[in-house]
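Below is one structure; the comments refer to it alone.
Chain lettering (A, B and C) follows the sequence in which the chains are written, and residue indices restart at 1 in each chain.
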Amino acid sequence: MTDLTRLSAADLADKLAAGDVSSVEATQAHLDRIAAVEPAVHAFLHVSADEALATARDVDARRAAGEELHTLAGVPIAVKDIIVTKGLPTTAGSRILEGWVPPYDATLVSRIKDAGLPILGKTNMDEFAMGSSTEHSAYGNTHNPWDLDRIPGGSGGGSAAAVAAYEAPLAIGTDTGGSIRQPGAVTGTVGVKPTYGSVSRYGLIALASSLDQAGPVTRTVLDSALLHELIGGHDPRDSTSIDEPLPGLVAAARQGATGDLAGVRVGVVRELQGEGYQPGVLARFEESLDLLRQAGAEIVEVSCPHFGYALGAYYLILPSEASSNLAKFDGMRFGLRVEPEDGPATAERVMGATRGAGFGDEVKRRIILGTYALSAGYYDAYYGSAQKVRTLIQRDFAAAFEQADVLVSPTAPTTAFKLGEKLDDPLAMYLNDVATIPANLAGVPGLSVPNGLSDDGLPVGFQVLAPAKADDRLYRVGAALEALLEAQWGGPLLDRAPELEVGK
Amino acid sequence: MSTLSRDEVARVAALARIDLTPTELDRLAGELDVIVESVARVSEVATPDVPATSHPLPLTNVFRADVPEPPLPVADALAGAPATQDGKFLVPQIMEED
Amino acid sequence: MSTQTVDLVDYDEAVRRYDPVIGIEVHVELGTATKMFCPAPAVFGEEPNTSVSPVSLGLPGALPVVNGTAVEYAIRIGLALNCQIAESCRFARKNYFYPDVPKNFQTSQYDEPIAFDGYLDVELDDGEIFRVQIERAHMEEDAGKNTHVGGSTGRIQGAEYSLVDYNRAGIPLVEIVTRPIEGAGERAPEVARAYVQTLRDIFRALGVSEARMERGNVRADVNLSLRPTPESVLGTRTETKNVNSFRSVERAVRYEVSRQAAVLDAGDTVTQETRHWHEDTGITTAGRVKSDAEDYRYFPEPDLVPVNPSREWVEEIRATLPELPAARRRRLQGVWGFADAEMRDVVNAGAIELIEATVAAGASPAAARKWWMGELARTAKTQEVELGDLPITPAQIGQLQALVDSGRINDKLARQVLEGVLAGEGDPEQVVVARGLEVVSDDGPLLEAIDATLAAQPDLAEKIRSGNQGPIGAIIGAVMKATRGQADAGRVRELVLERLSEG
């Protein structure tokens, strides 16, 4: 029997629908794989074997009874631990939520459950999604399946590594400044940040409310389209949710896979390359442009002159919103409670002790930065100014999208760096997001698709950006590039990843 | 541009209810100072004629009908609480006046 | 709590030498079915934490969605207060840590209130109208309720721990803020009270809240500062909280005037602080001094989108506004033809609805007022109950007056009928029959009584025949007595004259 874990979600879904394999078999196969490689990869914080198999059994029974099921029914999935799952521990990678079991499901989780996808478990992440390497998790590092001494990206390194290591064919991530796309790039997987408002945020533990989006983490562009269509769409519980139907994402992916991009104008953003980008990254990018050209696309250069301020705006807006969003973690109603070592245990002091003990360094850094940026006398210079830069970046995108249907860039400036390499230099760490941040600020969608290995043999990602609500364009162009590249490679990029040692 | 002094960091940490050890305070002050300087560039282009954007998408008037839905079961509401008594959340003594 | 004696300047003395400026912030709990940002039922007095959702409990991941009815109610309030309604406004986060605030921020409105620049004409007890300028009315959510345990008074200081109930967290509030109220002089306390009362009446008339101060539906914070003269700059103000009744509003202002006057007289400066009103002792005490000045770090609420009430919607709402209490009083006074003093008495007795209903039941306004403000008011006072609590209805008064108007009973008999109704003997008609209180309409018994009287006092008859009408009264009186008051005096008079003229 084919190794079920090597199948894409779409192929697995086909087999399930054809009755060639049961969901229990598929789920068990992935649970076995998880057990085998987790000692090396550590992508999961919690594995929910019983619940997953129960769902799988239920789906198999319903399918046998002739019930009409969702395309992805029975295909297992992993969920980033920032998303609230009823009955399953949800930690957001933080000590302050250790052991917290939510009493409700995020909307996207409800949709996943309603569609009958077994949830394999919750994946590791930088604490409260603050980071680009997953090294800020309170529960230990996740290791890049391509090289276990290297970071899997962040903040959603767990979901990307799980998918790259064949522990799950599908995963959910969240992207606030690149936390789906950048891990996708450094692990050789596909990651999509939908248009802001495309996927409900109800049940996402909020980092930066105006930037966060949940999205698919997969090995193929088609899988992402399928998952995006499942979880996306209007949610009345989210006031910022778009009240319009999604465009045809799966159709766009299938269309793109034919490899024909005639009439598509592809804009190369001048400001998203050059200094700070590794030569290997840039080389793969240029080669991908050539492929798109051959597919009939028109390549143009565009300029987004304010993108240079995006990082600054981002690292003001995010900490400001986060400082407010994370205020609820205070030891009063849920989560960790720590009493001060000496002196009266007043509510104020218990809050201070709890948050001092429960939050890691990066979280403390950003909360304090955000509190400062919002405080009296500083608002205009910091948060207020950052919101203006946001306007300028939206205008840059609008102007660029007059000249091009999609914008492209390398997803990240470098390949996966070594664990520990950038921990002492927060600013250097922030630079990993320089290409992905503008999309979050403007609310436009972005996709990362693997486009080769760099000179160091590590994966590189190609980013596609589209106008707000035009997510279908991502899937068309992404699928086209993927098809062309895989034709060249003779198979997916992940085939070239080293075999992981199977632990006992 | 103002730099972020150690005292300022201490003040802000207290405002944010986060206890910091002296070592943490020193380190954070240094790191934040650098970060603040680099992000402060944003004010260069944030001129008065540029409006602020607080929402990426121009949605307005999103309302909900005034129709009740079942609340959380009490047990669920209290389940994660560090301490409860008589169906209420037990919290340490509050020193501030109402 | 320190027990040092506080110096006070006699109130009248204080307002002679200082000019008080007041400011009032009123919070009203809206009577919607659900909370401001989530569909948990808005309940009162239920078991703790039985009406919370992930949103109102502030659980990670939860998101707010605005209650459309609450927005409508806020607009109604704004219109009733003659405010402009914003064309576009946003919610903002007010960030502060407190256990009864589940998110450790309150979703409120900061520099973009939904209503602003209005006014309210407040009628004082003597009829004088005082205009209070309204700065703004905005929407926000309520906090949970803390119960402090372990302290001797159940208040915070000295409590060992607190118990929190989040049922109230998230209930919609509208906060109404006045501009500084100047020119009230020694009537400042009265103006403050009347303002809060008038607001309460408006909330009820609009149907946006039950507005019961004693239940916390309406809360008032009272600001006061003193200055030497009305031309001086504003002095330092204090804010007094925990003012739980109209009377407390008035008393708290009076007390603060006296207290601040003493501080200023001594050459000291008034401390800008929040103070706490004590109903039992009638004083204010200083709240705990906060270690850092309140820096709420307001920023626009990113989880909510702007509220842009269309002008059409605002006009639709305006068209549904009921007649407000003050306008209604003026209109009714005109219709009823009452003098100012008469109307004021009616208002103060809380008798407007009663008279209105009595008029609707057929009585004239004058008659209605006569009964309610006369006999019934006296009865209510004696029994120490509210007028409306007397066991008699406007419909019954209407009946009673109809009986008088038709001549079936006279005023004196009517009073007896009234007694009967109040005693639970039934409707006026039933009481008349049961007690036999009808005016005698048959001439027969009257003539008998007249003849008997004339026979008994022949000299009276002589006097009348000779042109002296005076003694007729005595004869009528005697006849009334003989008929137990059930004679129509006018008819008796006629009959006497007839009889006597017959020779």
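Definition applied: a residue touches a chain if its C-beta (ideal position, glycine included) is under 8 Å from a C-beta of that chain, and two chains touch if they have at least 3 such contacts.
All values reported here derive from a predicted model rather than from experimental measurement.
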Pair exhibiting more inter-chain C-beta contacts, A-C or A-B: A-B
Core chain by centroid distance, with centroids computed from Cα atoms only: B
Separation of chain B from chain C, taking each centre as the mean of its C-alpha atoms, in whole Å: 42
Cα-centroid distance, chain A relative to chain C, in whole angstrom: 59
Distance between the centres, which are taken as Cα means, of chain B and chain A, whole angstrom: 24
Of all residues in chain A, the ones touching two or more other chains: 100, 103-104, 210, 236, 239-240, 323, 327, 330, 332-334, 347-348, 351, 371, 375
Shared-contact residues (touching 2 or more other chains) in chain C: 54, 57, 65-66, 97, 99, 162, 164, 295, 299, 302, 304-305
Multi-partner residues of chain B (each touching 2 or more other chains): 14-15, 17, 54-55, 59, 62, 64, 72, 77, 89, 91-96
Chain B residues within the chain A interface of the complex: 4, 8-9, 12-21, 24, 28, 31-32, 34-36, 38-47, 50-57, 59, 62, 64, 72-73, 76-77, 79-83, 89, 91-96
Contact footprint of chain A on chain C as seen in their complex: 54, 57-66, 93, 95, 97, 99, 102-105, 162, 164, 295, 297-299, 302-305
Touching residues on chain C, where the partner in the complex is chain B: 32-34, 39-41, 47-54, 57, 65-71, 88, 90, 97-99, 146-148, 150, 156-157, 159-166, 241-242, 274, 276, 287-288, 290-292, 295, 299-300, 302, 304-308
Footprint of chain C on chain A - complex, ascending: 83-84, 90, 92, 97, 100, 102-104, 106, 201-206, 208-210, 236-240, 320-321, 323-324, 327-330, 332-334, 347-348, 351, 371, 374-376, 379, 383
Contacting residues of chain B [partner chain C, same complex]: 11, 14-15, 17, 54-55, 59-69, 71-72, 74, 77-78, 85-98
